[in-house]
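Take a look at these structures.
After this come two complexes, each holding subunit A, first together with subunit B and then together with subunit C.
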Partner chain A sequence: MTAVTVSSRFTQNRASARRVVRSILSSKSATVGFGLVILQIILAIFAPVLTPYNPTTNDAMSALADPSGAHLLGADALGRDILTRTLYGGQYALTVSFAATVITVALGSLIAGIAAFRGGIVDEVITRVLDSILAIPAILSLLVIVTVFGSGQWVIVFAAVVVYTGGVTRVVRAAILDVLSKDFITAARARGEGMFSILLREVFPNVLDVILVEFAMRASWIVLLISSLSFLGFGANPPTPDWGLMVAENRNLMAIAPLSTVAPIVALATLIVGLNLAADGLAKSFGIDRMKEVLG
Partner chain B sequence: MNTTEQVVGVDDLTVSYRTGSGANARQVDVLKNVSVSLERGRVLGLVGESGSGKSTLAGALLGSLRSTSFISGGTVSVAGNDVFALGSAELRRFRINEVAMVPQNAGNALTPTMKIREQIAESLHGLRGDKRAQRERAEELLRLVRLPNPRAALDRYPHQFSGGQQQRIGIAIALASDPTVLVLDEPTTGLDVVTQAAILDLLLDLQRSRSMSMVIVSHDLGVIDKMCSDVAVLRMGEIVEFGGVRQVLGSPGHPYTRGLIASVPRIDRPGIPPSLDHQALDADAEWVQSDEVTLRVAPVDAPVVLSVRDLSVDYRRRPVAGTGPTVQGVSFDVAAGEIVALVGESGSGKSTIATTIAGLQRPAAGSITLAGAGAAAGAGRRAAGAGGGAGSAARGGGAPLAATVARRSKAERQAVQLIFQNADTSLNPRKSVEAAIQRPIDLFKVRGASVAGALSDVELPGSYSERLPGQLSGGERQRVGIARAISAQPQLVLADEIVSALDVSVQSSILRLVDTLATSKQIGFLFITHDLAVVRAIADRVIVLYLGRIVEEGTVEQIFANVSHPYTRLLLDAVIELGDEHSDTLEKVADEVPLAPPEHGCPFASRCPIVRDVCLTVTPPDLAVSETHHITCHATLPELIHEPAFVAA
Partner chain C sequence: MTLLIARRVALSVVTVLLATVLVFTAIQLLPGDAATQILGQNATPDAVATLRGQLGLDQPAIARFFSWLGGALHGDFGTSLVSHQSVGAEVGRALVNTSLLAVITIVVGITLALVLGMVAGLLRDKWPDVAISTIALVGMSVPEFVVATVLVLLFSITIPFFPAVVVAGQNATIAELLPSVTLPAVALIFVLSAYIIRMMRTSVIDVSDSEFVRTAVLKGNSLGRIVFKHILPSAMLPTLNVIAMNVAWLVGGVVVVESIFNYPGIGTLMIQSVQTRDLPVILLITVLSAVVFVVCNLLADLISIALNPRLRHSRSAR
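Presenting the complex of A and B:
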């Protein structure tokens, strides 16, 4: 019987996954969005294969070289290939923002679950605390965190988590409250199941759609946030190939070597647009009102 | 006025929607070649089960369809207008002048942020701009629908009214434009019996005094029988029978109508009626419904599984002067294999009692004792008395249950299981039937229980285990809910309104299942319902609750016999059934239940026809009619005797 169960669950999951894929493919903008994100991931992973250069090795001979067969997008002031740095920059942006988004969404959902389930004073305290964090301008809390803990990628991840967890909690909590009023939750409570058992077995599977959309949406905000921090000099340290840092380093050279700033900007913009379109597509295929999500 | 003038004419109407895409695209007919007509001053009933298309037909009379549906044939004409040929401006004028609709749930249909006066004024198109005239007309309308204190009501908001009052306001708004045809979609579904009777009496008076034409959509044959002069019986989008109400319901020609009538439980007849067999009906057009009822046999000398003693539940955060706790002094027993019905109107505290027994609501006082499981598990656990005293340990020998489910032992939790009213929300939509039933088996490590066994107990095929709740019908979902409860092998099942959301044809099959399970597995059922006919069909013993206090308790025969508490009698009189003499209207009693029980005296005093001074101050004594029949009342026994309205068949 266990074999039957496993296979039936498997086919059910596969069927619903196929339904989501089909509905994403039916929307042109969602297809473009997922295409852009997947392309960025592939380029980042295969960066070492795609280019013969090292992103951090200086080459005085080709400093500020114009685009040519050797350097397709030219080289920067230290002679590093711009295309190479842009491709490797994707690795940094994607890993850090992926880690930050996973932690943000997981933590936010968990807090949301506890607040909604416990209700009463626990809910009150959690939501008030998170609301007051949301009231502080993001850039202010970021600067405080960076000033206290210094720079570095884990500090950035921490900063993103602090800034965005409250928003995730708000949205997911509202979705969970809706599920908690259902009778199957009462049945589970009457069986005497614990909070985490009910949340994991009964609640989260029913808000997975909201969480996935939240993930895609927060990812785009976090990518932007991390690049902004690097641009301001609080994120990645030179010579790390990072898009925000590249723009900051090369903005004085915009007149001489415009591609050195344009390339990372285009890369960043396509990733963010891709993530946003993907989030929209997911939301539409799950039937979630994205405007409501954005406005909280 | 020409009395034979036709005001509604639906001719060969087909309404469809398209589903699927590409090669799978097909057209589904919601209504198929439907023809009905109605003359001025008459009342047409549209009756059928869910999905029969009766609401779609009612909507079509207003020129309103769901956005995905379209007319694929036929015409609808109302008061001389071809409804679906009207342009948008004409349609607007038509809806202003000729038709009005009272929606099913007036509470949802009224705008919560608008005062009653403004909502009525919206439909007073002739008086636009004249505030004073609007106000006067609105007050007049509210008086017409017999809303208490109409002048003050104008400046209130919808949430300040009870369900019945909201429905009256909905009717007032519909009458504002003096429509030719009034369409009512399930006008009393969801209201208590007494309120329902009062609203229907009001509608009949209005209809007669203004010789209005009405179309009433209902699943309730009693309501249709009382209200209508003509009736159309719908099944799966087709009219199976159309004609005068006495003729169609009195001597039905179609087997479906006969089956539908036979499957309705009645308060004047014990036993569970046969269920309507749709498959047999589809296979053979001449199929004859058996009228064999299943008679319930009460268990004899069965051990008590649940004793509730002096239970009180209080939702008030702090005492409110003049009111008492929500539930007070409730004591009763449930024996193994026995079905005990807990009856009362909404707000009577019947669900509160169930959630308290389940450990989801903390009692203020009293004890709940479970036989067997409590005794076995009680040793290792401190008797965690909640608030009040531990109470006297009842028969059965168990220790009192802890107040909250978290403090109860696994065996105690296993022994009490719940079944819910709404089968849609009682199953997790993301989990298969198998997962839903397996969970209690795993959690309680039930020996000898299996998903397949539980499914066969509820008469579902084993192949259903892989399905998701979305792939089941309402009745099948309710069966899965029952399977989940019994797979834990409980001693007691709390069944909260488990058949009230189901169609009658499904209802009787679920009742029969409960009967079988109670007897074969010796499970005690606490069966909570507001439907007296269902009580008569399924219960062994009945507890009548009013505002959280027991007013009468007895065996099912005793409750339905000729000695009753005045409240029970009011409930029995208010029931509307097919074939009753509908001429007599309910005695004019207050049809609204007070918001909170009084602090002292009898809870029913404010509505009681035989109330006396002592009722307002002193808690009524227990009046024992017989060993098993108890009435809580100050009156003497002879005063409580009434006509045996329902002679046992």
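Presenting the complex of A and C:
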């Protein structure tokens, strides 16, 4: 009996996965969104092949060079190729924000599962503490964390997790509460399954849509947050090729070498626009109200 | 209903208190304290110990927290460990400057966002909607520092009309600050309105499709009456929470934008105080931002309850 229900649920999942892919491809903006994100991933992976320069090697001879055959977008004040730094900046932004988003969404969903499943005082305490974390402005938590642990990419990942886990928990918890009232959960409880077994096998597969949309949306916020921190001087350390840091380094030279500021801005904006459109596309094909997710 | 509101207010107070405890605890983890920061690296251990005693840093953390809390409840937030001024006065001055920026941003931003969102929703898929939705998407997708940098590039370098950087210090009067508010405010409005425009557009579309609006149309009401009497009130309701959320988020945006334009407000002060470990100043800023967050959410809840009779029973509201 159990085997039958499990297998039917999996085939159903596979069918709905195909339906989601089709509905994303049928929407122009969602296709553009996923296309932009995939393009950024490809550019980041192949950065070493695409450019002959090193992103952190100074070259005094080509300092502030105008765009030319040698430097397609010119070079910055230290003679580093701007296109190279922008491409490698994608590597940095994508790896750090991917790590941060995976941990944030996984941890947030797990806490949400425990809070919703246990209910009562456990739920109340978790909700209160997370609400208080949400009430501290993100930027203040970040500044404090960075001052405690120093800057560096793992500190930034940790900071993003602290700031955004509460929001994920709030949204996923609401979705899980809906699922927990269903009959198949009562059946699983009656069979004597434990909390983690029920969460993993019955609950999470049924809120996967919400979790995926959360993932795309949090990813866009986390990219935004990480670059803002670097811009303020609390994130990546020079000479890391980070987009936020590049804008901060080069914005005083905007009148002389505008491309040194414009290139990282364009790269950053296309990545976040891509993630936003992807989140919209996912939400629409799952029939989820994305603005409700924002409120979490 | 009174019970429901009382419960919300009580929970809000708990939230503010917990947020303060969290930040206080986190600051305890910072390497070095204000004494080592003030005296620098070459200070003798004796000098550091003496200064710690003077600043009260030799007390246990819990005792310090409760003595701070006791003072705070009487409106005494202590003295800054760095400038030796009253924290209330120091933060108050910055708060006035930030309020000027925030009030302009909120009033102009929300009005603009609601109007644009409504226009986009009413003219769904026509060119004004496409234009407005694209602007909103860009607003959601570019960080404040990018908007601010582009604005500086556009206005201060190519068209030198608005000052790119505020030259007035912490003690500038409002009249001196007013011309420099423009660019920071524009940057904040752009980011603030994005989500509000989207939400307003979505809910205007939802409401326009509903049966009571169709009835109003079929009854031959004028377009203005349909829009302002029927669509607008219902569409506002779900938008309120998004507005509250974005106003609370404004605190973060203010920090970034103030630091770019060197605007002498709460954000600049916050960055300075974290760098100098000036705990009393950080704590008061935390309390203020947590209060802003909680009050925004509370107001949104209360207005929703007032506008929507269905929420008046505590069972459905939770």
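One rule holds for everything that comes next: the second predicted complex is superposed on the first by the 280 of 296 C-alpha atoms of A that agree within 3 Å, B and C clash if a C-alpha of one lies under 4 Å from a C-alpha of the other, contacts with A are read in each partner's own complex, and residues count from 1 in each chain.
As a convention for this text, a residue touches a chain if its C-beta (ideal position, glycine included) is under 8 Å from a C-beta of that chain, and two chains touch if they have at least 3 such contacts.
Quick caveat: nothing in here was measured; it's all calculated off a predicted structure.
Colleague: Which partner reaches more residues of subunit A, subunit B or subunit C?
Modeller: Per-residue touch count on subunit A favours C.
Colleague: Which partner chains sit in contact with A:138 here, subunit B, subunit C, both or neither? Use first/second/both/neither.
Modeller: After superposition on chain A, A:138 lies in contact with subunit C alone.
Colleague: One more residue to check, A:261. First (subunit B), second (subunit C), both or neither?
Modeller: A:261: touches subunit C, not subunit B.
Colleague: Figure out whether A:272 sits in contact with subunit B (first) or subunit C (second), or with both, or with neither.
Modeller: A:272 sits against subunit C, while subunit B stays out of touch.
Colleague: Should A:118 be classified as contacting the first partner (subunit B), the second (subunit C), both, or neither?
Modeller: A:118: touches no partner chain.
Colleague: Show me the subunit A residues, by the header's touch rule, that subunit B contacts in one structure and subunit C contacts in the other.
Modeller: none
Colleague: Tell me, which parts of subunit C touch subunit A in their complex?
Modeller: 11, 14-16, 18-19, 22-23, 26-27, 29-31, 137-138, 140-146, 149-150, 152-153, 157, 195, 198-199, 202, 238, 241-242, 245, 251-252, 255-256, 259, 267, 270-271, 274-275, 277, 282, 285-286, 289-290, 293-294
Colleague: Sort out for me which residues of subunit A touch subunit B in the complex.
Modeller: 1, 4-5, 8-9, 12, 181-184, 186-187, 189-193, 201-202, 205-206, 208
Colleague: Using the touch definition up top, name the residues of subunit A that touch subunit C in the complex.
Modeller: 128-129, 131-141, 143-145, 147-148, 220, 224, 227-228, 231-232, 244, 247-248, 251, 254-255, 258, 261, 265, 268-269, 272-273, 276-277, 291, 294-295
Colleague: Can you check the complex and tell me which residues of subunit B touch subunit A?
Modeller: For subunit B paired with subunit A, touching residues are 358-360, 405-406, 408, 410, 413, 416-418, 420-422, 425-432, 434, 436, 439-440, 443-444, 451, 466, 468, 484, 488.
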